[in-house]
Amino acid sequence: MLERLTEALAKFIETSGIYWLFNNLHLDKGLDFNYIFAGSLGNILMILVSLLLMYLAIKKEFEPLLLLPIAFGMFLVNLPISGIMEHASTQLTLDGEMVLLEGGLVENGIKYAMMLAQNGVDYFETAKEVPGGLFYYLYYGNKLGIFPPLIFMGVGVMTDFGPLLANPKSFLLGAAAQFGIFLAFFGALILGFDAKESSSIAIIGGADGPTAIFTAIKLAPHLLAPIAVAAYSYMSLVPIIQPPIMRALTSKEERLIHMEQLRPISQTEKIMFPIIVTLLVVLILPSTTPLIGMLMFGNLIKVSGVTERLAEVASGPLMYMITIFLGLTVGATTQAADFLNLSTLKILMLGLIAFAIGTAAGILLGKLMNKLTGGKINPLIGAAGVSAVPMAARVVHKVGQEEDPTNFLLMHAMGPNVAGVIGSAVAAGVFLSLYM
Amino acid sequence: MNILFLLEAVSLNERLAEGTTALIAGMGTVFIILILISSIISLFKYIGKSDRPHNRSDIKLKAFIEAGRKVEPVHTQDDLELIAVITTVIASSLNITTDQLQVKSFRRIRSKN
Amino acid sequence: MLERLTEALAKFIETSGIYWLFNNLHLDKGLDFNYIFAGSLGNILMILVSLLLMYLAIKKEFEPLLLLPIAFGMFLVNLPISGIMEHASTQLTLDGEMVLLEGGLVENGIKYAMMLAQNGVDYFETAKEVPGGLFYYLYYGNKLGIFPPLIFMGVGVMTDFGPLLANPKSFLLGAAAQFGIFLAFFGALILGFDAKESSSIAIIGGADGPTAIFTAIKLAPHLLAPIAVAAYSYMSLVPIIQPPIMRALTSKEERLIHMEQLRPISQTEKIMFPIIVTLLVVLILPSTTPLIGMLMFGNLIKVSGVTERLAEVASGPLMYMITIFLGLTVGATTQAADFLNLSTLKILMLGLIAFAIGTAAGILLGKLMNKLTGGKINPLIGAAGVSAVPMAARVVHKVGQEEDPTNFLLMHAMGPNVAGVIGSAVAAGVFLSLYM
Amino acid sequence: MNILFLLEAVSLNERLAEGTTALIAGMGTVFIILILISSIISLFKYIGKSDRPHNRSDIKLKAFIEAGRKVEPVHTQDDLELIAVITTVIASSLNITTDQLQVKSFRRIRSKN
Amino acid sequence: MLERLTEALAKFIETSGIYWLFNNLHLDKGLDFNYIFAGSLGNILMILVSLLLMYLAIKKEFEPLLLLPIAFGMFLVNLPISGIMEHASTQLTLDGEMVLLEGGLVENGIKYAMMLAQNGVDYFETAKEVPGGLFYYLYYGNKLGIFPPLIFMGVGVMTDFGPLLANPKSFLLGAAAQFGIFLAFFGALILGFDAKESSSIAIIGGADGPTAIFTAIKLAPHLLAPIAVAAYSYMSLVPIIQPPIMRALTSKEERLIHMEQLRPISQTEKIMFPIIVTLLVVLILPSTTPLIGMLMFGNLIKVSGVTERLAEVASGPLMYMITIFLGLTVGATTQAADFLNLSTLKILMLGLIAFAIGTAAGILLGKLMNKLTGGKINPLIGAAGVSAVPMAARVVHKVGQEEDPTNFLLMHAMGPNVAGVIGSAVAAGVFLSLYM
Amino acid sequence: MNILFLLEAVSLNERLAEGTTALIAGMGTVFIILILISSIISLFKYIGKSDRPHNRSDIKLKAFIEAGRKVEPVHTQDDLELIAVITTVIASSLNITTDQLQVKSFRRIRSKN
């Protein structure tokens, strides 16, 4: 009895996460950081990172709707042996010995059926399927590319393309701001990432979370977590990153320019817009269909005026539900060894560069357009072309009001702002058609 | 789906060439598509003239699925003025200032709905 | 460098949808319409059809909650190479050549495991799973028969069986109106459809979208899109289709009949109703369980009075979410070649016939019952037996008020109206038990 | 699940026979089931008499899961009258007509709830 | 023609559920109850049980949100041949004869691929996949362990840990109340259940539905239905079960004790709490991650104050949607033969014992703590440690007010009450780590 | 994941031993974990002192995803008093008692929001 209890106690301790932490310190090979971070110190560091992200989400309100689930997913998966992201596996008895194979019974069945073709041994009589962790299953929504387009549908409901319709020239500013993406791609290649990885990293500069996540899932899933974290962090930091660039590249006179009132937009125009955009973009660049298609579908069910109920659900319960699942499981892709390395630092740096160059390119085209139109365009609104809707537009408005409190740039900046969403979805489509 | 370039471009030259191609192809595509949309949108101003917000047919064909459901209030710009009025009325009767109070719950009934 | 750029440009153009349109005109074989519609002209026609449907949904408010998603799904899938409905596939190297096999890795694994049994070659070392399109995955909810019963649960929440309980004779009118279904089945057989197809087409006359979709998924999935479009279109057109038939078959005296006040219904009766209906119908006709079971469960969580929260979700977020997915993916089953043919025209015609005959049969039984009860039943309410809840009942009310504005037939017509929902679910069950 | 007939009935005679069988079997089943339900329902009027709307036991067994949640307002017929009164009051104080304004936001508290 | 009609009628009757009932009476082997209950009398009894449960849910309001879906699922699955829980299967022609194999095409493919390895016959040319019933697919959410943690997330949103933070000693009472679980485990072993079954049964005493269901799914899925029914029934019966035990074990003086005002809790503390609990519990007991992780994540998105929208969806549409699916499919696991046997009676009895002993243990530790603190703790609050949030706490409050209407124990009882949720999740984790 | 004991403990002795082990191991774990949490929580009272409810930074970093969405009203304890006042006002103007009526629809606007 006592022996049994002692044995139980020993087993209990050995299966605890704390025991695992002490048993996996990986300090026996000196300063080999790859080896060390694959051990428990890596987990501890990642837990600290997740706590920092929670702090930023809660106290600094950095995109909390996504960053908090991401951080908590990161937290859970780095607690040792939590098994929440554990893949399904198959336990079977092979020549009298029990083995555990990654993957479900059917997946493993394939592999062994092939072996069987050669030696005819019937292993599967002893096979037992072990289910995967909770996040393993929820992650399928990402893996199969389902979650980001559905979130984009909700974004489509919430996006008002009115200011863009009133001033179609805004599209040029939304296009110029994608320059940051392609320069960052350049930089990433030079820093040693391959073309797929570079594309996924560069798209951070698009300042659209779902677009960045979708691209990363398709082209470089192993970089999903740092890319998502960088994308949402920089989107939160727009009010800090953009103003200095805006002030540096524009003169006081330019910042003082008032723009003329936008014309009112009829409902027919609003209805035709998503249909025409889908038609044109998908005809030219089919690889963007999931992104542009669902974004425009979301917008259509809103502006049509006859499907309010669908629009409410798409931008409400459905979107937030998927936000929870997407956030938690993106966070759960952070294995310490994958996250704590030089790549993550490079990604953060490249993302920042993409953002800054995109902002600058938008402003510079704004200056050019101002020249060409004889002073009718305030170049500041070009900065909103990076998207980060609606924050970048608000920042433009604020910087404009610093010079002249009577200058209302918000609506004028919303045009390039929403054009930037389309622009970066197109940029993502270019990468997908080139490298997928 | 097509694989344009070698994915493992080894030399720096290769990488520079790859980057330049993507830069030109990418920015080109972005500008072509957005200018195309922009051009078409700029024609909208002509069709937009004669349009009244959503004229409905007389026979109201209500969705089967909507049976018995009420439409949720959606505050339009017009409503906001009325809300302001009501807020002031209630606030004055309560001796509080309007910035402490917001009426969120009524809506105009559009005569067409 | 320039060469590389030219090459990239060429590749880019070749992968665009526009190039595909020009390259697949299918005009090289003369006026072979099957061949032509399998090419890009078919796609263009389908895009026009989808635009027409969007117009009808938005401007004419034809069942917009479903028709708009259906039309947009149709639009997306007919834009060339959009890939949004593309099946998953497996890429592998077979004798040095790369091939793409339809179906996931495991499905293909089966096929090859069987081959391997004969020649022992290990192809799967080179296999790579290519994920399917967004709608390919969303479509599983239809394919496995999950979405329509869940929508029916929401319909059950929103259906008030009170008027039917107050006047159980209404069931006869709800039964008579199913006559149109079985006559249309007759007609479809004669027009050359097989029994499974004919069943799916005939059920359009039931005027219940989820029932029609569920039957088509189970018996004739290749006809899903035209059947869904026909069903929802005719349901929208009830105010136009029914009144002439109603006026033609009834005399002015009959239309003037006032009916006596309905008795109030207690909550206990309302609670017992869904339980008893499920018991009886499933005992006699087990094949209707998903439809009748979920319809009645939805009704039970509403009338029970203790699960308001479940009822709200079932008839709110859950139902609208599924409506979006079901609509988009039903629309996405329209391949031009499947839709643009004589069958679709026949289906539209048969659906109309089913509707009209159902209306007439309901009215005629109403006239008979009026005779038998000595003038107590206004035969108009028989027309509501086709269901299309609550529109058919409203049409009855309106036609009645044209003769006498003091005649309130709405509640009396709701009885046959909701009986018709049960009636057509039973008719669907008959077809499923006969032909599945 | 059972396969009653040949699915590929070739001749017109076959098709007519098939259609007739389905017509009789189908309408028969529909009428049998609906008359059966109808008969049972028509007995309901006897049980319906003594029933009061949902008498609750004294000890309120509230769901674990409902903890801390508020019941959403559901407008009953009775409420609609009160809404009408309130609408009139507010409207008169704002000099607008009642059809421009709808109160949607209060509810009676049932004394039992 | 008439012959055909007669044949159709015969077939129709033979496929009805009523025919099945008469044909499966199983009265031909005398009083062999196992055999009888496997026949139609078992189904009829189960239908009566489901009607009783519906009555309890609707008229007595016994946990209606879950009990009504469970009862209706039970009702549907016991109506003969309803097929709503039917597994997917594969139909194939084997040596000229048609056979139906349980499981999907791929699962069966594995088995046959292995056979093929030996004899090389290609059966699969003739294979046809038959889809499963509606509930078969919905049940995957339970089978893979997805639904209960997601419901726990909603519970986490709705749980206020404030009173527990204000009085951390409450944790001891929440721990003591788990005594009932382990004594019931003891009892279950002695009554002949194996260790896995005993664990699942014992956890009923934890008075947390999702915890009980999660444990049963992982360790003893064949007992899921009786365990779920017992758990939710006893949770409903807390106001009847607990007061006599509370009065028997405490003196009037003890029940009269007033407790001192709780200190206010800052938001920082509320935010740190779910993070620290997850950290500690998962470090020590990784097997509880899905339960504790999601419970605490739900709490975090609520208390963080920056993700209200996620919290609303997690505790609203998402939770109720899953409640519907979980309830219906748990109910649908009741096959008559599995439910109508001595085991179910034993489970009901053991659950009651677990509940009663848990209550008593909480009170007794309360008495001890009262002694040690010199009369500052009202032992009644120990009874709330079994959880059943918030009902057990309300019962404590009510019993306290019976002695002294000025005594407000509600907030003091909420501490042990929510500690009990953590306590039973830990107990479940112990069982999972021991026996899974 | 580990299998500690034989799952088919046959003899009563075996079962008693199994039960006792689980009882001690289980209650031990529950108490250890809950006491550990409790100890850490009891340190919270020191950090709780200086905390003000959620001080926000000046630059309001609003979520991209929240664009154009309104915050739903969440009634805090403070609001409940104001609701009580308003309810009384409306009720008195309607000659009904306050327990028949509940205002659910306004909210204070926090000056920081």
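The chains carry the letters A, B, C, D, E and F, assigned in the order they are written, with residues numbered from 1 in each.
In this text, a residue touches a chain if its C-beta (ideal position, glycine included) is under 8 Å from a C-beta of that chain, and two chains touch if they have at least 3 such contacts.
None of the values given here were measured: they were computed from a predicted structure.
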| item | value |
| --- | --- |
| Chains touching both chain C and chain E | A, D |
| Shortest path length from chain B to chain C (each step joins two touching chains) | 1 |
| Pair joined by the larger number of C-beta contacts - A-F, E-F | E-F |
| Length of the line joining the C-alpha centres of chain D and chain F, rounded to whole Å | 35 |
| Interchain centroid distance [CA atoms averaged], chain C/chain D, Å | 22 |
| Chain C: positions in contact with at least two other chains | 8, 12, 15, 61, 64-65, 106, 109-110, 113, 117, 284-285, 287, 305, 309, 312, 316-317, 323, 433-434 |
| Shared-contact residues (touching 2 or more other chains) in chain B | 1-2, 4-5, 20, 25, 29, 66, 69, 104-105 |
| Contact set on chain C toward chain A in their complex | 8, 12, 15-18, 21, 47, 51, 54, 57-58, 61, 64-65, 68-69, 72, 75-76, 79-84, 105-106, 109-110, 113, 116-117, 120, 122, 124, 131-134, 137-138, 316-317, 320-321, 323-324, 328 |
| Interfacial residue positions of chain A with respect to chain F in the complex | 1, 4-5, 7-9, 11-12, 15, 59-66, 154-155, 158-160, 208-209, 235-237, 239-240, 315, 319, 323, 388-391, 394 |
| Chain E partner contacts - residues on chain F that touch it in the complex | 1-5, 7-9, 12, 15-16, 18-20, 22-23, 25-27, 29-42, 44-45, 47-48, 51-54, 66, 69, 71-72, 74 |
| Touch list for chain A against partner chain B, complex | 164-165, 168-169, 171-172, 174-175, 178-179, 181-183, 185-186, 189-190, 194-196, 263, 265-269, 272-273, 276-277, 280-281, 284-285, 287, 305, 308-309, 312, 419, 422-423, 426-427, 429-431, 433-436 |
| Parts of chain D lying in touch with chain E, wherever the complex brings them together | 1-2, 4-5, 17, 20-21, 24-25, 29, 56-57, 59-69 |
